[in-house]
C-alpha cells in the first residue's frame, strides 16, 4: 500500500482557560483553519517550590489547544501568542511535525 | 545513559463521538494493539463562517483517539477511516513519529 | 518571518490514575520542570481478547501525562518509570520531538 | 393567568447565552438531569398505570405508536418538495418530527397541573411508545425501502430515552404507590425544580443554536413553526374524538404529535443516515419548534382544549 | 412481599448495559452521589448516636473492627489453596472481603425500614469501623509480616470513605437532631431516591464487568457466592448471641460481614500490593458478591433473622 | 449556642485536604451547585420582593451599590502603601473586597434563621447589586482613570453570578409565592443541605490554598483579617443608623461589606488587569477572609447586632 501524506505543523498551546476565546480569535484571523481543545491540569516546579493548577475553580483552569496548519502560519501565530500573552499569562507553545491526508483542509 | 528506543507511528483521529466504537472495531481488526481516547471540543473556520462543536448534547461531541502502531498499519487504518467515514462525518487523521521502549507492545 | 525554536523532547506517559502523584514526584526530582495531565479512557487488544479501561470507578481511571524536557532527561525518566512501574502497572511511555520558543523554561 | 417559572428559566438561559454570559451548565450534570427526568416520568406513569386495568391503554397506545410511525411519511414529501431538502435530509428531519420531545411533554404536564386540568394517567406510556416509531420511519424513508438493516432497529430500541422511560414505567408498575413512596421526595417533589434547572441549561444550548438557523434557511424555519401548529390541533382533535381522551389527555396527545425529538432522533439518524446534514434536524427541533411549543403552542392547545 | 425499587433500578442498569444501550451515567455525578451517600449515612448515624450513651457502642464497635481484621486471615488460606490464587492475589481478594460495602449496607437498611424491622442506631458506626481493618490485614498478608509500612496505614485512614463516614458521624453527633433538621430534606428525605439513581449507575458498571468473570475463573466465582452466605449467617449468629443485638442489628451485622468492598479496597490494594491483579478482587466483589447480596443474601438474612 | 453543621462540613473539607485524603468533589458538580445556590438565592429574594412595594428597596439598594463601588477606593491606598503591593496588584485585591461573596451571605442568612433573627426580605437584591461595582472600581483603579474600556463593563454585567442572581430575582418577582410553590422543594427545602455539600467542597479547595499564603506574605494576610473586621462593624452601623435596617438586615449588610468575592472578581480581574498576580486576591479572599468570616466575624456581628 502506498499512501501520500502531506507535511503540516501541529502547534500545541497550553494556557489558562480565560485565553481560550482570544486564542481562537487570533488563530481565525491568521490563516489557521481549525482548532481542538480539551481541559487539562498541570504544574511546574521551580526554585521557589511547586506550583499546581488543579482546575478547581474558574481561575485555575488550564486548556490544551491544538492547531494543525502550515509551518509558517504556526510560527507566526506562536510568536503573536507569546508576544500578546506570554508576559502576563501562563502560556506554553510547542511545535511538532505531523502528516495529514487531505491537505486542503489545513 | 544510553537507552534504546523503537520508532513507531502515532495516529491521531479527531472525530465525532458516534464513531468511537466503529473506529475501535476497525483498528482491532487491522493490527492495531490499543487505543486511547479523550473528549475534546473544537471548531473550524471556513469561507462561510465559523462552525463550533462545543460538546453540549449527544450529537455535538468530539473525541480525539490516539493509536500507536507500525507505520504501515497506521497508513492502512488511516486510509480506511477516511474512505469509510471521511465523506459523511467530521473526521481528521494525523500521523506523527514517536519512539517507544517496549516494541513488542505496539 | 524568521523565528528561532529550540528542540526538546515530549514524553507522553499513559498510565493508571493511581500513579499520578508518584510520576510527578519522580519527574520533579529528575530535572523535569513541569507536566500536564488529562484523563483518558482506552483499551488494548491481545490474543486473549479485549481489555478496556472505561474510567468508570476509581481503579479504572487512566491518565495521559505530558512532560517537555531535554532529551537526556526524558530518557532517564522514562527508564525509571518503566523500571519502577512497568512490571505491575499499566503504563506506556512515548517520546517525540518538539520545538519550543522559550528554552529556559524546559 | 400566571406565567410558569419553567418558561422563565428557559428564557433566562436563552438570554444569558445571547448576552454572551459566561454562564455554563456543566455537561455531566445536564446529562444526569436528563436521565433523572426520563426515569421520573416513567416511574410516575408506571405507578399510575398500576391502579387501573391495562386494557384501557391498549387502543390509545396502539394508535400513538402508529401515528408516530405515519407522521414522517406525511412530512417527508413536504420537506422534499416544498422545503426543498435532499432525500436523506428530508428523511432525517421527518424522523425528528415523527418522534417526540420528552421535555416538551413534561412542560405541558406541569402546565396542566398548574391549571388543575386532569389528564389520563397513562399518557407517559404513549410518550414512551412514540419515541421509536418516527425514527424507524425516517430510516425507511432514507433508504427508500432498501435494506433498512436490523441493527438500526436494535440500536433505536436500546436507546437511552426508551430504556429509561420504559424501564421506569415497568418499575413503577411493579412497585406501585407503596414502593414509590420512599422515592417520591426525589422523583416526585423535586421534579418541577429540576425541570426548571434543566430548562435553564437547555436555554443556553438553544441560544447557541440560533446562529445555525440562518444556514437552515427560511423554508425550514417556517416548516418548524407550521408543523407543530397543524399537528398539535390535529392531535387534539384525534385524541378527543377518535381516542375518547379527556380534554387534558387530548391536549397532551396534541403536544406529543407537535413536539420534535432533539435527543434520540439526532443520535439515531447520525448513525443510520450519515449522509444527512445533522444540523438541520436538531436546529429545527431545538431552536424553533421547542420554543414555539413552549411559548405559544402549549398555551394555545390548552385554550382550544378548554372548549372541548 | 413487595419488590424493592432499589433492586429494580439496579437490575435496569445491568439489563441496559447487557443490551448495549447507549445509557451512560456521567462519572462526576456518580462520584458526587457516592460522596453524598457516605456523608448521609454518617450524619444520620451520628445524630442517632447523640441520643444515647456512647458506652453502649463500645463492645459491638470493638468486636466489629476485630472481625473485619480477622476475616482476611480466615479467607486467605482458602483463596490460596482452594481457589488456587498466588499469594498477592489471595491477600488482595481477602482484603476486599474483610472490608465492607457501604451501598450493600444502605440497601439492607432500606430493606429493614420497609419491613418495619428496627435496628440499633449505632450500626453506621460499625460500618465506619469496618472499612479499614480488613484492608490493613490484606496488606499484612501480602507482605507476609514483612515491612508493612506506616504510609499505607495513613493512606487507608485518610481514604475518602472513612473521612466521609467518620466525619459525618462526628458532625451528626455534634449537631444532634436540632442541627440536623435543616439538612434532613437533602440527607434524609432524598436518600432512598438518590440511592436508586446510584444503583442504576452501579448496574451499568456491573453489567460491564460480567465479561471479566470468565477470566476470574469458576473457583473464584464460587468463592464469591459461598463467602457471603457463610459470613452472613455467621454474622447474624454472632450479632445476636455474642453481641446481644436486636434482630435488625444482627441482620445488619451479618450483611456487613457478608459484603465486600468495591471502592476503598481496590484503590488501597492497587497501591499497597501492586503485584496483585486488580481485576480479581473488584470483579468478585462487584459482579458476583454485590448482586448476590442484594438479590438473595439480604432477603435470606432477613428471613433467618425474623426467626431469632 | 449550637454549632452550625455548615461550619462543620467546611471544616471537614479543610481537614480532609490537609490530611491528604483522596476525597475529591467533582468539578462539574461543584459548578452546578454554585449555579443552584445563586439561582435559589435570587428566586427566594424575588418572591419576597413581590410582596412589598419596590420603593422600600430603593434607598438601601442605591447605597449598597455605591458602597461596593467606593470600597476599593478606600482599600487601594492601604494595599498600595501599607501592604506594599504594586499598583495592579493593589487594584485587583481591592476589587475582590469591593465585591461580595454569595456563599458568605448564604451562611449568614442560615445563621440568622437558625437563631430566629428576622431580616429585610430584600437583602438578596443588595447582594446582586454589590457584585459588579467593586469590580468596576478595581478596573478603574488599575488603569488610573485611563481608557477603562466598555467591553470590561459589559463582561462584568453578563457574569454568571449577576445573571443568575438578577435573573432569579426577576423570575421570583414575576411568579410570586404561588408560582414558586412547585419549585420550593428544590430551591427552598434543599438549600441548607446543598449549601453544606458545597461547603464541604469549598473546604477542600481552601485547604489546598493555604500553601499560597506564605507567598502572599504576612501583611496581606493581616489585611485580609482586619478588613472584614472593620468593614463588618462599619456595615452594621451604617445599615442600622443610616439605612434604618432591622438588626438582622444590618448584620447582613455588615456581612456583605465584610465579604470578599472569590468567584466573580478573580475571573473578571484576570482579563481586565492581566498584569496583576491572580493568586493574591483569591488566596486572601478564599483562604483567609472567607474562613475568618464564617468562624469569627459572622458570630461576632450577630452578637453586636443583638445589642442594637
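Read from first to last, the chains carry the letters A, B, C, D, E and F; within each, the first residue is number 1.
Keep in mind that, in the parts below, contacts are C-beta pairs under 8 Å (C-beta built on N, C-alpha and C of every residue); 3 or more make two chains touch, one makes a residue touch a chain.
Given the structure is predicted, the values throughout are model-derived calculations rather than measurements.
Visitor: Taking a step as a move to a touching chain, how many steps at least join chain C to chain E?
Guide: Each step joins two touching chains, and the minimum needed here is 1.
Visitor: Please indicate which chain is farthest from chain F, where distance is taken between mean Cα coordinates of the chains.
Guide: Looking at centroid distances, B is the chain farthest away.
Visitor: What rotation angle superposes the Cα atoms of chain A onto chain B, in degrees to the nearest 5?
Guide: My answer is 120 degrees for the C-alpha fit.
Visitor: Name whichever of A-C and A-F has more C-beta pairs touching across its two chains.
Guide: Spelling it out, more C-beta pairs touch across A-C than across the other pair.
Visitor: Using CA atom averages as chain centres, what separation in Å is found between chain C and chain F?
Guide: From the centre of chain C to the centre of chain F is 41 Å.
Visitor: Rounded to a whole Å, what is the gap between the Cα centroids of chain B and chain C?
Guide: Those two chain centres are 18 Å apart.
Visitor: Rounded to the nearest whole Å, what is the centre-to-centre distance of chain B and chain D, using the mean of the C-alpha atoms as each centre?
Guide: Chain centroid spacing, chain B to chain D, equals 35 Å.
Visitor: Which residues does chain A have that touch at least 2 chains other than itself?
Guide: Residue numbers touching two or more other chains: 38, 96-97.
Visitor: Using the touch definition from the top, which residues of chain D touch two or more other chains?
Guide: Residues 26-29, 185, 190, 267 of chain D each touch two or more of the other chains.
Visitor: Give every touching pair of chains, nothing left out.
Guide: A-B, A-C, A-F, B-C, B-D, C-E, D-E, D-F, E-F
Visitor: Quick check on the complex: what are the chain B residues that touch chain D?
Guide: Per the touch definition, chain B meets chain D at residues 16, 18, 48, 54-59, 85, 87-89.
Visitor: Can you check the complex and tell me which residues of chain B touch chain C?
Guide: For this pair, the touching residues of chain B are 1, 3, 5, 10, 24, 28, 32-38, 68, 96-102, 105.
Visitor: Can you list the chain F residues touching chain D in their complex?
Guide: 26-29, 31-32, 35-36, 39, 155, 158-160, 163-164, 167, 170-171, 174-176, 178-180, 182-187, 190, 267
Visitor: Give every residue of chain F touching chain A within the complex, in rising order.
Guide: Residues 27, 30, 204-205, 208, 262-263, 266-267, 270-271, 274-275, 278, 282 of chain F touch chain A in their complex.
Visitor: What residues on chain D touch chain F, complex-wise?
Guide: 2-5, 8-9, 12, 15-16, 19-29, 110, 114, 185, 189-190, 192-194, 196-197, 200
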